[in-house]
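Across the two complexes that follow, chain A remains constant while its partner is chain B and subsequently chain C.
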Partner chain A sequence: MKKSIFAAGLLAATAAAMPAQADKLDDIISSGTLRCAVVLDFPPMGSRDASNNPIGFDVDYCNDLAAALGVKAEIVETTFPERIPALMSGQVDVAVASTSDTLERAKTVGFTIPYYAFENAVVANEKADMADWEGMKGKTVGATAGTYEAIWLEERVKEWGEGQFRPYQNQADVFLALSQGQLDATVSTVEVAEANVASGNFPGIKIVDKAPMVPDYVALITLREEYGLINYMNLFINQQVRTGRYAELYKKWVGEGEPANLTIQGVYR
Partner chain B sequence: MFNYNFRWNQALNSLPQMLEGALVTMEIAILSMVIGISIAVALTVFRLSGNRMLKAVATTWVEIARNTPALFQIYMVHFGLGSFGIHLSPYMSLLVGIAFNNAGYLSENFRGALKAIPDTQTRAARSLGMSAGQAFTSVVMPQMFRISFLPMTNQMVWAILMTSLGAVVAMNTDLYGVTSDLNARSFRTFELFAIAAVIFYLITKAITLSARLLAARLFRY
Partner chain C sequence: MFDTALTANDLMFLAKGAGMTLIVTAISVVFGTILGIIFGVIRYQVGPWWAAPLTFVLDIFRSIPLLIQLVLANAFVTMVLGIRISGFAVACGVLSLYTAAYCAEIVRGGIEAVPQTLRRAARSLGMTWGQDMRNIVLPLATRVALPSWIGLALGVMKDSALVYIVQVVELLKSTQILITRLQEPLFLLLICGLFYFLISFPVARFGGYLEKRWSND
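Presenting the complex of A and B:
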């Protein structure tokens, strides 16, 4: 009799203690849904198809992660600046949104290991006299606000001490301004640059050069203190590469060729 | 569920940059008001004049300025004119956009104020030998400004708040622009925008209070 009361009490105590220990990883599994913030005006990583469904590398990546967790994926569209508020206010669990893993940002959010890496290209208006990336010196240049390449470009303009930097709100506005000649040049990911030049939506622009910056490694993000989830996602990214899924997604969304190497020679993560 | 730890250290470090941005915001708002008032007076005169063309210009201006979003107006100044090869910098686009909006609203304020001034004022002035122009500038207009003074401060407050729309034309030196730039770097969204909101609040509060004091001094009977 006494023993069973003790056992029941122990059970109750364990049950009561459980929720306190549950972290985001448990919350996602028990809720049955993984909510991902994805930027959908950033092809080929995120965009919408003809019937307005979210598609792209990041969308597939979120679906894969949800499948690994055994839950349903829910894509929540955000802009680049809205990723963090969405995360912090609990509207999403993670952001699969090509987030560059800068040290400054790591003071605020928790980054996984990189899951993709971008090279950046310099795209110029054909009327601007520009032979290589250094031709941007003294010119009016711009990029999408809040991106890695925008931060890089703004720093170059400050360093040169001449010319002007303009951060537009989205990729489309940058290329519109470039096409109109309001901007002489922009820096964007090679993927975006090639897609926009090929689309013909923005006449009078051309790719000039590669931008000489450290490759833009992007990572998944969640709250800074969610080590359990970050740990899980690190392994997930590793498995994506190991199983060939990474190369498969690259081929599907970016094209032929080798996807970027996600390891860095000579140093551990 | 709001699981966010406020950490103010990084955000507070950037306060000086944000205050510099606040100065640019005030500069744009003041310039846009000066331009806006001048144009609004002209539009009001256009509407009073018998000339059909001038009347049409004024009406069109007021209709567009008051019945389309300010965001659209600023966007069109930058990208709309841009497609015709007229390239304005982000600063100028924002200034012109807000001034355009101000002029439309202020012109309506002035029209309302004019209605509140009895016709007899003009007639009395004319009977004293003033010309129509003189009667307007030295009798009617001062009263018009007096009646519409508080609505004008309202518009000034609005001009301050509208500067935040400059982001759509790549404006990055005003308070909102500086804040979103800092946010892109550090991701300290809530702290940075909370500080920006407080600065906006203090600026607008200072404007309304000083306007009230000024009005009390200027319009003492």
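Presenting the complex of A and C:
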């Protein structure tokens, strides 16, 4: 008798202490919508078509993820500096926004495995005298504030002890400044550099050299504690590569050739 | 200057943005004014001491930048309350309270501008408080408050540009989207300014017309 009362009490206490916790993965599926933060001034990863609808690699990637979850995708436009605040303030569920997986950011948000990798190019104003990447020494350089390229460039400027580094709000501003001669050079991904030179929107710029940087591995991000969703997205990225969808999207948005290898020699994950 | 990549399609996109600005402004001004009248009358009626908590809350809405209010309200609703509502609803809610905070001051000022002697005269003729408010205070206070109220409405229309932060694509945000795509900032901002003028000007003129008409009777 006593034992059964004790057991019932224990059961009740357990039930009270652990209400059925729905995590973000459940929330997304039950709400029927996946809200992705995507940066839309970053072609070919994200931009807008002639009727101002979002297009690009990241947009397609978000649509694929939503399709895998069986929900509708909602593209939420953010700038680079706004992505993490948008995530933290609950405006979006995940960011499919070419986010570099830095350890500093990993203290705030949860990263998946890399879903894409960027190599970097040095782009210069034609009037600036520059033969290779070391020609940037002593020049005025700039990049989008908070990005991987900006962090690398600022470090080089500090190391050289001459020249100047200028941060900008978005990628378009950087190339506008470069085209107008306010900047001598910038570092951007090969994809962005090629697209901007080809677009003709920024006259007087040229690609000089590859920047000697480790490829910029970018990952999907969500809230740090959402392990269920992170696990799901890791498997999703694996499936994208396995099924050839990754190569297909690369061909559609970036160009011919092999997409960057997403594994690193000699280490797990 | 006129060699532009802007298409009719893009102009429609801007017009849609202008429509969104109008809708957000209309909802906020209507609800803000109703709330503002209620708060303003309460503040006047109960005296400064009892109205202190209300005054404090309204002061918060008046002194914290709208942009921060929007972000915090959105975070509060989605993260703390766990409700998934659209950015549009958050924008209208915050902007309404913001309008109400300013409107309450305008209403209080309007009521205070009605001479006490006139109101005592009304009451001594046997009018109830309600009759006094409706027949004496309302017509006189409205005349005093109208210019500031028009100014507030136009101000809210321009402040509504900040709701882009909760993912509402209004006029300024649509312009920025086009600037990113077409790289013609000055031309596009000129058109955007023109749109704002087109929707603000009739409101300002209508206010001026009412003022003139009422000052003659």
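Basically, the second predicted complex is superposed on the first by the 249 of 269 C-alpha atoms of A that agree within 3 Å, B and C clash if a C-alpha of one lies under 4 Å from a C-alpha of the other, contacts with A are read in each partner's own complex, and residues count from 1 in each chain.
Please note the rule applied: a residue touches a chain if its C-beta (ideal position, glycine included) is under 8 Å from a C-beta of that chain, and two chains touch if they have at least 3 such contacts.
What you see is a predicted model; the values in this text were computed from it and never measured.
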item: First (chain B), second (chain C), both or neither touched by A:Y168; value: first
item: Which of chain B and chain C A:S31 touches, first, second, both or neither; value: second
item: First, second, both or neither for A:L176, with chain B first and chain C second; value: both
item: In the superposition, chain B vs chain C on chain A residues touched; value: B
item: First, second, both or neither for A:I84, with chain B first and chain C second; value: first
item: Which superposed partner A:V76 touches (first chain B, second chain C, both, neither); value: second
item: Chain B versus chain C as contact partner of A:E194, first or second or both or neither; value: neither
item: Touched partner set for A:G142, first chain B, second chain C, both or neither; value: first
item: Overlap of chain C and chain B interfaces on chain A (superposed complexes); value: 85, 88-90, 176
item: Contact set on chain A toward chain B in their complex; value: 80-81, 84-85, 88-90, 102, 104-105, 107-109, 142, 145-147, 150-151, 154, 164-169, 173, 176-177, 180-182, 223
item: Interfacial residue positions of chain B with respect to chain A in the complex; value: 1-4, 7, 10, 78-79, 82-83, 85, 87, 89-90, 167-170, 172, 177, 180-181, 183-190
item: Complex interface listing, chain A residues touching chain C; value: 31, 40-41, 47-48, 50-52, 76-77, 85, 88-91, 170, 172, 176, 201-202
item: Chain C - residues contacting chain A, complex; value: 7, 9-10, 13, 71, 74-75, 78-79, 84, 87, 166-167, 174, 177-181, 183
